[in-house]
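Both of the next two complexes hold chain A, though its partner changes from chain B to chain C.
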Partner chain A sequence: MSITIGPLHGRARRAARIEQLHAPGLAPASLIYLLLATPWARQWLEATMSAHMLVQIPLLAGCGFLAASALGEARQARLLAALGGPVPCLLAALLASSYWMLPRALDAALVDPLTELAKFLTLPALVGAPLALAWRPLGAIGRGFVWNNLASMLAVLGWLYLAAPVRICNSYSVFDQTHAGWSMVWLALGLFGAWLGSLFVRPLSGPNRSQTRVSTQEGQAWTT
Partner chain B sequence: MLTTTHTTTTDDRGAQTGVVAYLFTAAAVVLLMMLFGLLMRLEQAQLIEMGPQPFYKLMTLHGAGMVGIAGIAGAAVMWHFLRQYVALSTGILMTNLALFLAGVVMILTSVLLGDFHGAWTFLFPLPGQSMGMWSTQAAALFMAGLLVIGVGFLLLHLDIARAILARHGSLARALGWPQLFGRDDGKAPPPTIVASTMVTIVNLIGLVVGASILTMMLVNLYVPGLQIDALLAKGMIYFFGHVFINATIYMAVIAVYEILPRYTQRPWKSNRVFLASWSASTLMVMFIFPHHLLMDFAFPKWMLIMGHVIGYLNTVPILLVTGYGALMLVYRSGIRWDMSSRLLYVSLFGWAAGAMPAFIDGTISVNYVMHNTLWVPGHFHTYLLLGMLAMVFGFMYYLGKPDRDAPDGLLDRIAFWCYTGGTLGFALSFLYGGKESVARRYAVHLPEWVPYDKAGAAFALLLISGALWFMLRFFARLGQTRHDHARTPEPASCPAVTA
Partner chain C sequence: MPCGDRMSTTHAGAGLLRSLAVSALVALVGSGVLWWGTDGARAFTAEAARRVEILRAPRVLPAVTLEDQGGARFALDAYRGRLLAVEFIYTHCDSVCLSLGMAFRQIRDQLPAQVGGQELALVSISFDPARDTPARMREYAARFGADGSVWRIARVPDPAELDALLEAFGVIVIDDQRGGYEHNAALHLVGRDGRLSEIRDLDEIAAFTERIGDLL
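So, the complex of A and B:
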């Protein structure tokens, strides 16, 4: 996919639009989104708290992430600049995703079509897309921080669902609540393990220079 | 066999401002915490009278402060040498220090103004059930302070992971696994990289667990209905705390790997045994913490057995490899001893000697009668004072040395013996107290325990005087620390050097 910088006119603009529509990521995102919106998928995924919270909601956010990632780099950069940079995007994603973790929000989405619509609009637009725009500019440290924080807070959220002395959703049973709590704890462990594990297997880029120092002005410079 | 050879140049890299700031902070806080410790021993010895509440406030500050500052001092050593191999961020280094200081202020406020004195272990449900001794806000401030400090260290380790990955490609390569499990191509990463990678892996895991339990307990403080399983909380706290304090010595030992070879003009090789020991400890450090829970019969039996077995196993690899490596490095090297090399060398003795009481206490049948006695403070004071801190003081002397042949003063040598002798006597007073079943964490001691406390207080005074001199010497030489110049004297009979 080419990167377009600056204003485009006429055929070039049309070509860019066509190219954009064929961008990898956009088609799968649209397909998943449409599938999730079908009554069959909604009924199936909203039948249990675990599937609602840990499958449907992340997939909706994922659609937004994929769609925003499919934008060209220049468009992403312009959009990110217009939104104020990676930190506001990250905060927006954090706040919107936190809202949809609230039991009351889940209940409302099940009984109120407008809230359900809001869920289908805000999760891709306010969680997935801002996260995709902010992801690369966050840098390795920022991304690592997000992963670690996600793992930690997901585990805490799981504990909250397990420790709650009352049934927290009108629409789901206590059994569902417990199942969702444990699922979040295991998911947190899995996500953190996967992130840390990925650092062990990342392919080496460039020559192995492990025995040389950054500086040559050292008292003890090892060479092989 | 590795084909590592070495070349010599004249300069040793000076410290960056951030490293000097870390060491300055570490020295100041360690000195303050040592004085708090002395006051506690004087109270137990019935030489002063402050009462139980101030005692437990000091104990809380002493415990949390020493664990945190050991992390800062260890990070200074690691960062100084690691940046010579990989490109680290100075901004992140300073951010960690700023967050650490902010956390310290929060903890000091919680303890001194809010009267929190639930010990550094903040075991559930004590912070939330103080029976009117401190407020919910004070407990929350203490735990939030720890959380802020943890965030700083998380950023530091993420930066280290980033830099190591950028240079070595993966953590597996940085641990030398291709050389350990495959063909030895002689390109094993140097000890500093291996040690830093290990510390980063275990601390990242520990910090995430620590952040989780701290957040859970903060929630519980304000919504007590959301109960925490007390055993789970204890397990998570000890996992996080034990990994963190263990990691401090694994950071500080980098000073031994980097500085002693300069004195002996012999390289510290990353051979297969070295790599295997660090990889084994990477795993074992995370499973050793149940040796602190052996008295908690309600823990699953497999965890206690694991704590027992791994407690035995983990004592051996790195300590043995490092101790033996240092002996081989020094043997017939013609090393010229000065304060830095002396302190680094004695630190290996302190580490080994300090690990032994833990090894003994890790035996379940011994643990039942010894764990709640002064035996355990005897273990970690030897390990930290004569092991970890001696490495840091050795590093401070190395940085502050004006030139390679600058002689040590008489007061330096006296301070060395005051510190070494004082620490040994101080630790033995704890260990002997433990043998005599003196309970730990008691503000008031029985009359028959007081003689050990008096001896402990006297030796504490001796070791503090030695440490004070080390620190004054470092402060006086701050200007030297940032310059690139030769700091280590050549061996008396310099061996042939191949370039």
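So, the complex of A and C:
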């Protein structure tokens, strides 16, 4: 018996390793992450508030999202179950992303290497990856909620940056702040528009049908 | 069948419990970090943060040599034993430094006449030593009525010392790409012990003067 299990186990492991190596997304995610970490890219993307907030930070979170997506459905599901499902994941992403929206966090990342390190670690691990894990089970309505929550957060933040009577970041100029503010407002409108458009292209039903069935089954289990 | 139902119920119940427990933990840790990261929802910007930080822990300042509008060199430490009001400027500035100059004039004018340079001094420190020569600083001093004894205009000739001083004060100077600078402008109070003890906004001149009055 052990003779048959051994090779099978080995083969399965090898297959898993191959799957891991061929997982689309992991290589680009690592590449983008390493590129972002180079002093050259950091200097370039942190030179303006807009690039810092709207390019570097989303890309870092995106790396985490890609990496977690590359885990494969089965492992993602196991990890999500271990973490307690989509709700704690979304909560973690919301809180961690809120922290990096604080103007003083941006300033601190520029002058304090430890804060910069924390930014590079927490954005992929606590924003991107949990969002990727929670994304599939969320369903169209949940995704719409997350998407539009992001859009409204950006719009409010953009408006705050435009309406602020003073410079919000000590490291960035007022001109930069205004530019970032307008960029956020436009990006928020774009995100909302994209979501609205997606409703017409891919109606609410669709790829999540099997997922909905699972949740209704759970619902039945609750009522019995 | 009933056994399966019970099993799935327990399973769903355990899942929900886990979800609730992890959510509570995430919420607790997350809001704790946000609370800590904003000094208890008091400071959302680096500027507010440095003011809160200074109030909590007055900061020791580095030893620097200054050069005033008369060309005289002196140590910042020479002010120890007196209250010292500090502002950071560059004389080519045509916006916020003008308000700073006006603010310092108001502060000096509001002080009781009997308060002399032995109890309180004001110094406007230039962070643009290349352009702010003593002659240029004399011009600035004349414009705002800085007498050169109670109120001096001074630059830090040594770049390394200037960097250390700006860092200790938490002042960040950025190039505005138009031949000038943008910088966080405020009124700084250094105590008799030589520590930076309070930072006030430019529009809080009255509060700043009142604080000096209390300490005199």
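We take it that the second predicted complex is superposed on the first by the 187 of 224 C-alpha atoms of A that agree within 3 Å, B and C clash if a C-alpha of one lies under 4 Å from a C-alpha of the other, contacts with A are read in each partner's own complex, and residues count from 1 in each chain.
Rule of thumb we're sticking to: a contact is a pair of C-beta atoms (placed from the backbone, for glycine too) under 8 Å apart; a residue touches a chain by one contact, two chains touch by 3 or more.
This structure is a prediction, so every number in the text was calculated from the model and none was measured.
With both structures placed on the common chain, the touch criterion links A:W159 to chain B but leaves chain C unconnected.
By the touch criterion defined above, A:R167 lies against chain C but remains apart from chain B after alignment on the C-alpha atoms of chain A. Contact with chain C, but none with chain B, is seen for A:R104 once the two complexes are overlaid on the shared chain. By the touch criterion defined above, A:G181 reaches neither chain B nor chain C.
In the superposition on chain A, contact of A:A140 is made with chain B only, not with chain C. Of the two partner chains placed around the shared chain by superposition, chain B is the only one that A:F192 touches, whereas chain C remains out of contact.
Contacts of A:G62 after superposition: neither chain B nor chain C is touched.
In the superposition on chain A, A:P124 makes contact with neither chain B nor chain C.
Comparing the two complexes, residues 217-218, 221-222, 224 of chain A contact chain B in one case and chain C in the other. Those residues of chain A lying in contact with chain B across their complex are 139-141, 144-145, 148-149, 151-153, 155-156, 159-160, 163-165, 192, 196, 199-206, 208-211, 213-224. Those residues of chain C lying in contact with chain A across their complex are 5, 8-9, 11-12, 15, 18-23, 25-27, 30-31, 33-34, 37-38, 43-49, 170, 172, 174, 176, 182, 184.
Those residues of chain B that touch chain A in the complex are listed here as 3-13, 83-87, 89, 92, 154-155, 158-159, 161-162, 165, 167-174, 186-190, 193, 201, 204-205, 207-208, 211-212, 215-216, 219, 225-228, 258, 261-262, 267, 484, 486-488. Per the touch definition, chain A reaches chain C in the complex via residues 81, 83-85, 87-88, 91-92, 94-96, 98-99, 102-105, 107-108, 111, 166-175, 217-218, 221-222, 224.
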